[in-house]
Structures are given as structure tokens and as C-alpha cells.
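Before I ask anything, let me first share the structure, which is written out below as C-alpha cells.
Per-chain residue numbering starts at 1, and chain names A, B and C are given in the order in which the chains are listed.
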Amino acid sequence: MKKKLIALLLAGAMVLNLAACGTKEPEKTETPAETQAQSGTAETAEPETTATATTTAPAAETPADTGEGGTVTVTDMSGDEVTVEGKVEKVINLWPSVTSSFFVMGAGDLLVGVGVNSPGIMNRWTQFFYPECVNIMSMGGTEPSVEELVTQNPDLVITHPSSASSGLAQQIRDTGIPAVNINYNDYETMAEAYTILGQILGGEYQEKLNQWCTDVQGKLEEHRSLTAGLSDDEKPVVYYIAGQSEELLTTMGAGSIMQTWIEVNGGIFASDVLNLEGQEVTAEEIFSLNPDVIIVGGVYQHVLIDQLKNTDGWKELNAVKNNRVYNNPYGCFNWERFGLESLMQIDYALLCIQPEIAAENGITRESMVQEVQDFYQYYNGTELTDEEAGYMLDGMQPDGTAEVPVQ
Amino acid sequence: MILKDSPKNGRAADMKYHMILWGGAAALAFAFLLSLTMGRYAVPFSEAFQIVFSNVFPVTKTWSDISESVVMDLRFPRTVTAALVGAALALSGGTYQSIFKNPMCSPDLLGVSAGACVGAAIAILANGSSALIQGCAFVGGITAVVLTVSIPKLLRNDSTTILILTGVVVGGLMNSVMSMLKYVADTDTKLAEITYWTMGSFATVTIPELLPVLPSILIPMGVILLMRYRLNVLSLGDNEARSLGVNLQRTRGIFIFCSTLISASCVCLAGTIGWVGLIIPHTSRMLVGSDNQRMLPVSMLFGAAFMLVIDIFCRTVSASELRIGILTGLLGTPFFIFILYEQNRRLR
Amino acid sequence: MILEVENLAYRYHNGPAIFQDINFRLEQGEILSILGTNGAGKSTLLNCLGNLYTPCTGEIRLDGTSMRRLPLTQVSRLVGYVPQIHYPVYAYSVRNFVVMGRTPYIGAFSRPKKEDYEKADQALEKLHISHLAEKAYTEISGGERQQVTIARALAQEPKVILLDEPTAHLDYGNQIRTVRLIRELADEGYGVIMTTHNPDHVLMLGGKVGVLDREGRMEFGDAGVILTEEKLSRLYQVRLRLVQVEGLDREACVASMSG
């Protein structure tokens, strides 16, 4: 009796399984919504399309019609081929690190959903450049259910790098919605990611993103040659404090993007000297290293700079004694970590690390103010006053106050 | 801890058993259908029904591709997996509870889950593909159990008690290794990946992922079911089992081996899912008695149905899916307390 | 069937000998009581006889074949083992508990058949405890549990039954009833070996006795011959008398309150 029952259950399970195998292969078909006319408001072919070759160009299968009403196939950073048809107007972005890029390049209207959006997540500069950011729908996490995504019917989903190996992107694609996986943590990978994003979005966004890649490449090369002739003695040791918490000992590890904008500008990255793999360092190590320059980023930058000047041990460091402690600006995102604004970091860092070379090449506080204004004018279409640009350079919010003020 | 057996009269007990067995099967079938027709994306019930049956019988297609994709590509694999894993874990837990003569045993007593998580974490840190992560999880689980059963051999003491102790030790060791791996993981991506993987989810299981693992779940389940009478004998005690002619090491070894394969396979499919292997056999015992001939099949049915219901809840309650490992714990604990309370009340 | 024990010895890993030089033989229908002080090694010896421990030297033969050479199930069909009272975790019904005695006849992939359940019922019948069949094993009294365990051993249809201190944990009346039951079993043709603390029970049963001394050596022989006042007094370190009790028609062992 029992044997029969079990045999029946197993057989039933197997039948259902076989039935499942028998269903046709999930097609990468168009979503029913994608019946929009391929209206030909195609912008003039971007001159920058070919210029992307200067950075590490990812494979673009059909550079034919770029995103605007045509079909694009790109290879995302997990190595999967993703086809996007038609114009992308609704994006659900599950990776917080790229959200700021949308806001910076004026693409905030494209975002219909982000992974998490709660009060306080969008900082004041973001709200300044794109006030509607606080209203973008939250998906409740970085791995929402596929059914939920299907219900929202976006034109594109950007998945979180932590779901790269879980097959989530493919599952989304199987329902007919394109999903890309992009990931970056330094200039090179940013160039790759932005190029892919540009191909998908097309139009003005592709133009801006490609321009960014070109400019970054150019600046990095230029600064490298400016500081090429420096001997090791002339290169200051730079200690970077992350500043996301009230902790003087949290930095970034060796090999991170900090190392790039420090070394390119004639500095030596402290984490590199200390062979630091993680993000935590001990006070003893910093004291014995005695860095020449300290750069403090994050929302706690002013609090921490104040602490540096007033805490025993720290105030005896070369950097503090010689007044070589600098804050690091942030806009929609921290300049020094990644995002489109990291373009301006290259010049800013030179100003901090090798002020003489900077001065010789026309990079000064005044020129930085202009650079900030030019940047947001081009990318965002917003005009910043001298005052506002100055606030940003000083690590302040648009109204001149610090996000976390010194008590 | 003494557990109460079923009704005293034999015939009533028989009838009750059959009622529960068929009731369980019906509940499972219902939960299965429910799972295919419920979800965040609205598919009308009748349409979902038709879509499922169109795979076996010819039905004219009146639904959209998206609906079909949602039902067959998203819901069907996870429904089958959830039911299978629920049944498998319940069976595995019941088996351990008999072997170790302890109704508080769960399938990860010998460290299989902890070991599997370590294996998966290593693969995730090494940027492994989904298949590699599965494979490493499986190997990790098996390795942990091999370690656990080898230590008693070194100590030349093959009593069941020592086995439990070494299981705890190896489990602890694996957890420490896990902590270490989490510590060196990149906090932006890898750490989250490891944590989510560990918490358990049926969301990303696809049929191609499930098929290779199927034999290593179904075959051991079959073996355990065929041999389940021996579990009764084993639960009497080492000496008594031996005196009744049971080769203790070999029989226990087979059960542990099968159970480990099952548990390791379940973990590599869906991460760590606790409590099911503990609560379901317990509940079955309360309903149909301790005799494994009856208790285990009932456990399987209930385990499958239970898992399906929890999975439905996890993915319909909010936009972002709840992790099933969390929910089995949150729901499991009060349910368990309730069981203990009932136990206590009846004993008076 | 004949059970022969030759030169049996057991010691823990590198420890002193628990027992050594054990030699005896038992035929069906005979009773062997193993007497000894606490820790003398009685249970260990019984476990060896029950194929639960492996002796270090010596041999146990069943009908001429060494126990070592026989497959496990074969030994279980010949030797039944009744352990001391224990408390199992799972509340099997008495019937299910007794039918487990049929395990030596049930294949690894099989389950008890109707005949097996019938034999279990017969065993319960024989011990007059059929009314307990559907009760949970954990809900019956100690004495009843003892009987149920013996029923399980009977369901095994063995030739020899081993009992480990069957009268421990029982009230006086149940003790006596158990001793009488053992006598009956022997009369029916089972070979019976039991360990006991009570010399009086041995006298009640008659049959053979093996006295294990503190060095682990056993003196084997007829109870009536081996058991003397002097030997018993020395063994237990108390003054006692063996007296013939008129009216009850047997010898009894009675201890003094002093000495």
C-alpha cells in the first residue's frame, strides 16, 4: 500500500519534470509593451562612437543603430549577451552605486525604480540636481522577485553585482525584459560599464558617457606625464580616510581607485605601503608611517579633520603639522570613490598632492570652481553659482552647511 | 523526553493513519497548484491552470507569452524544488531523529549545512559560476560529514553519542571558517552574496540546475524509505539493535550517507533551510505515532506541503522576496513551542 | 543446541582483565546463573555471549561453530538478549516493540509481514500480556516492561535467551514471578543465561551457576554443589546461612544482621 503510494508520487514527480523539460526553450522575445513605433527621431550619429576605442572597449556586436529606437546587443560585464530593443525610457536599477550616475547626467527621469529608497538615502546635492529623486519607487531590496519586476514592466533592469552568480539576470531576460550586470570599482571598469550603458541608452546619454571616458583617459595620461619625472622623495605619502563613519582608521585597501588618483598625481598610497588588503588600519601603523598628506572624504569629513587636529598622536603627524590635511568633495556621490564625478577628482587630487605642479599647469582653487561649473553644465544642464561650486569643493551641502557638522 | 504515541486501539490508529496520509497527499496537491497560480505578477487562476495542463494535454493558447513564462519558467521550477526539498529535509530529519535516538535532531547535526556553506563561500569568493558554487557546496557538505564520522574511528569509539559530539565540533569548526571567509570578503559585493546564498531561497533555481541534483536526492530518499523499518530498530539503542542482528555500523552508515547526500543536495540548491527537518517529523510523530513505517511517508508529504506554503508566503508578501531560511526560523520557533505545549498538556 | 564457551577473556584497552579463563557449556533446557559482586564483570560477560562485545581471547561456539564466523542475523536467530530495563525515547506500541524481535528474519529492505505480527502476538499471549498490545511502551509499569522485553526475545525464536539482571528494578512480587517465568522458559526448552545479584534466586532456579570472583575467574558447576555458605559469605563479605525451609520445599539464602 505504502510502496504503491510512494511509487505513484515519484512517478508523478518525474512526469511533471519531464513535462517541464518539454516546454519550449524560453525565448528572448519582446515584451508585449515593446510594440512602440520605431519613430525616427534618431539623433545624428554620435561622433564619439568611434572614440570609445581609446578606453578598454567592450564588445559591441552591432554598433549600427544605437539605442534610440533601434536594437542594440551588448555584452555585459558578466559576459552575457543582452539585446535591448527600442528606446529605453524606464529603468529599474538595483545597484545603488550607479544610481548617482543617472542623476548626474540628467537621466533621473529614466529611473522608475531603485533597489532601496528610504528617507535620507538621497543626499542634498542629489535632491538639488534632481528633486524628484525622493519619489522614485523602492523595490524593497537588491534582489526583488522577478514577478514583481515583470509587473513593473521596465525597459531595462540593472542587477546588483552580488546577484551575478545567482542567475537572476538570466531569469529576468527569460521573461522578455533586458537585464544587464555592470560592476565597477576603478576608472577602467567604470569606462567599460559606462560604455555599455551608453550603448543601451543611446542619444545624449551615450554622447555624455563616451565623452566622460575620453576625458578621463586624457586626464589620467596627462597627469601621469606631469608627475613622471618625480623621484620617490618628492612623492608624499597620502593617507585616505573614508569618512562614512566617525572613524579615523577606516580607509580603502591597496589597489583601489584611490591608489590610481594618488599615484597618477605623484603621490604614494598609504594602503599600498602598508600592503593593506581590507579597510581597517591600526593607529600604530599610521603613526609609524607618518603620512605627509591626509585626505578625508565622506559625510564625516569635517568632524574627522577637526579630530585630527585635536587628538594626541594624530596632531603630531607630518600632514597635520604641515597643514596638508584636505577634505574631499562629494556631489551626488563621493568624487573619490567612483561615479561620473570622479572625473573631477583627478584634477582635485593633484591640487592636494602636488600643489606646485598643479599651479604650474593652471590648476588652482579658482580653476576648480570653474571646472565644477563646467562639469555640471555639460552633464546635467545646471548652472552652479560660484558660491555653490565653492561649497561643493569644501565638502558642504548646497546651502553651505556640512552634512555632519563639527560639534 | 517521552513522546506520546497514537490512539490506543489498533484499528482506529490504522484508519487515522490512512486519513492523514491521504489528507497529506491532498494538501500537497493543493499547495502545488496554489504555488503555480499565486505570485506578484497577476495571472488569473484559470489561466494558470490551463497553462500547467497545456504541457501535458493539448489546450489552445489564449494567454500571453509573459504569463506562460511566469508560470512555467519562474513558478514551476521553484514549486517542484520547494516540494522536493521540503520532503527531503523532513525525511532526513526523521531519519536522524531515529538514528540518534533524539527527537531534537535536525539534518545538520553532523555539520552538512555548515560545510556546504563553507564550500559555497569559497566558490563565491573565487568568482565561481553558479554551477561551481553548487558543486563546491555539495563537496563541502560531504567533506564535513566525512570529517565527523572519521573522528570516532580515530577515537575507536563508534557509539552514537560520540558521533553527535563530533558533529557539534565539526559544525562549530565550519562556522568559524565561515566567519573567517566572511571577514575577508569584499563588503560591497561578495559579503552580501555569501550572506544571501546562506539564507536560502528557491528564487533562482531553474530546471537545468535542478536536474543534475535530482538523482542525488531521489535515490537516497528511495533507499531510506525502503529501509525505514531498520530505523525503528536502530532507535532502540546500539546494543539492542546489534542483538537483533542489525550490523550497526553498516546500517547506520547507509542512513547517514543517504541523509547527507540529501541534505547536501538541498543546501546546494537552495541554501540553508532550518527547522523543517526538526518540526515536521515531530508533528508527524504526534499524529501517526513513532513507527517509521508510517511516520516517514507522512513527514514527506507534510514537509513538501509546508515548504510550498512558506515559499508562497515568502514571494507574495512583498516586492522584495523574503528569504525562506528566515521564515522557517521565524515561523518554526513559535510552532515548535506550540508543539511542546501540546505535548506537555497531554501528558498531564 | 549447545553453547560452548572456551577460554574466554576480556580486557579493556591495555587495562586489567575483566574476566579470564571462562569455560563452560550450556545445553537447551538448562539454566545458567552468573553470580558476582558489583563490577565483577557479569554484564560484560553477558554482552560477549550476546555478540555485543568481542572477547580478547577465547571462543564462543554455537553448535560447534564459532560465533565469530556466523553472520550477525544467524546469531540473532539463535541468541536472544533481554537487557536491563531501559527507557527508550520513542513510544512504540507494545505490539510494534515486540515485533521488532522478528528483525533477524526481516530483510533490510522489507517490513514485518502478517506472520511476523502473528508471532509477536503469540509471544504476548504466552506471557499473558496480550492486553498490553496497543499500549505505548513508555506508559506501562516496570514489571510489564520487563515482560514485554522478554516477549520480544521470544518473538526472535531463539535457542538461548540471555537476561541481564532481570530482577533488578522490580518489586518483590514481580521478582518472584520473573524467576518463575525463567524456570518455565527453561522447561520449555530454551537455554537461559542470566546475571543476578541475588543468590536466593539462584537457589530457587537450581540449574548451573557461574561465580565470578574479583579476579575475574569463574567457578562453574551445579548450583546445589557450588554454592556453599562459606563461598557465598566470602564472595559478598557478609555472614549468611543456607537453610532448608520446610513447607516451601527449598533451600534459601538468609543473611545475618551482623558480621
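Everything below uses one rule, namely that a contact is a pair of C-beta atoms (placed from the backbone, for glycine too) under 8 Å apart; a residue touches a chain by one contact, two chains touch by 3 or more.
A quick note: this is a predicted structure, and the numbers were derived from the prediction, not measured.
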Chain contact topology (line, ring, star, complete or other): line
Nearest-to-centre chain - CA centroid comparison: B
Pair of chains ranked first by number of touching C-beta pairs: A-B
Mean-CA-position distance for subunit C and subunit A (Å): 80
Separation of subunit B from subunit C, taking each centre as the mean of its C-alpha atoms, in whole Å: 43
Inter-centroid spacing, subunit B versus subunit A (mean Cα positions, whole Å): 41
Shared interface positions of subunit B, touching two or more other chains: 293
Subunit A-facing residues of subunit B, complex: 21, 25, 39-42, 55-56, 64-66, 69-70, 72-74, 76-77, 80, 83-84, 124, 127-130, 133, 184, 187-190, 192-193, 196-197, 203-204, 206-207, 209, 211, 214, 218, 222, 225, 293-294, 297, 315, 318-321
Complex interface listing, subunit B residues touching subunit C: 1-6, 8-10, 13, 98, 101-103, 156, 226-230, 232-233, 235-237, 239-240, 242-247, 251, 285, 289-291, 293
Subunit A residues within the subunit B interface of the complex: 2, 5-6, 9-10, 13, 15-17, 19-23, 26-27, 29, 31-32, 97, 139-148, 150-151, 160-168, 171, 174-176, 183, 185, 277-279
Touch list for subunit C against partner subunit B, complex: 13, 47, 50-52, 72-77, 79-81, 83, 86-93, 95-96, 100-101, 103-104, 106, 108-112, 133-136, 138, 156
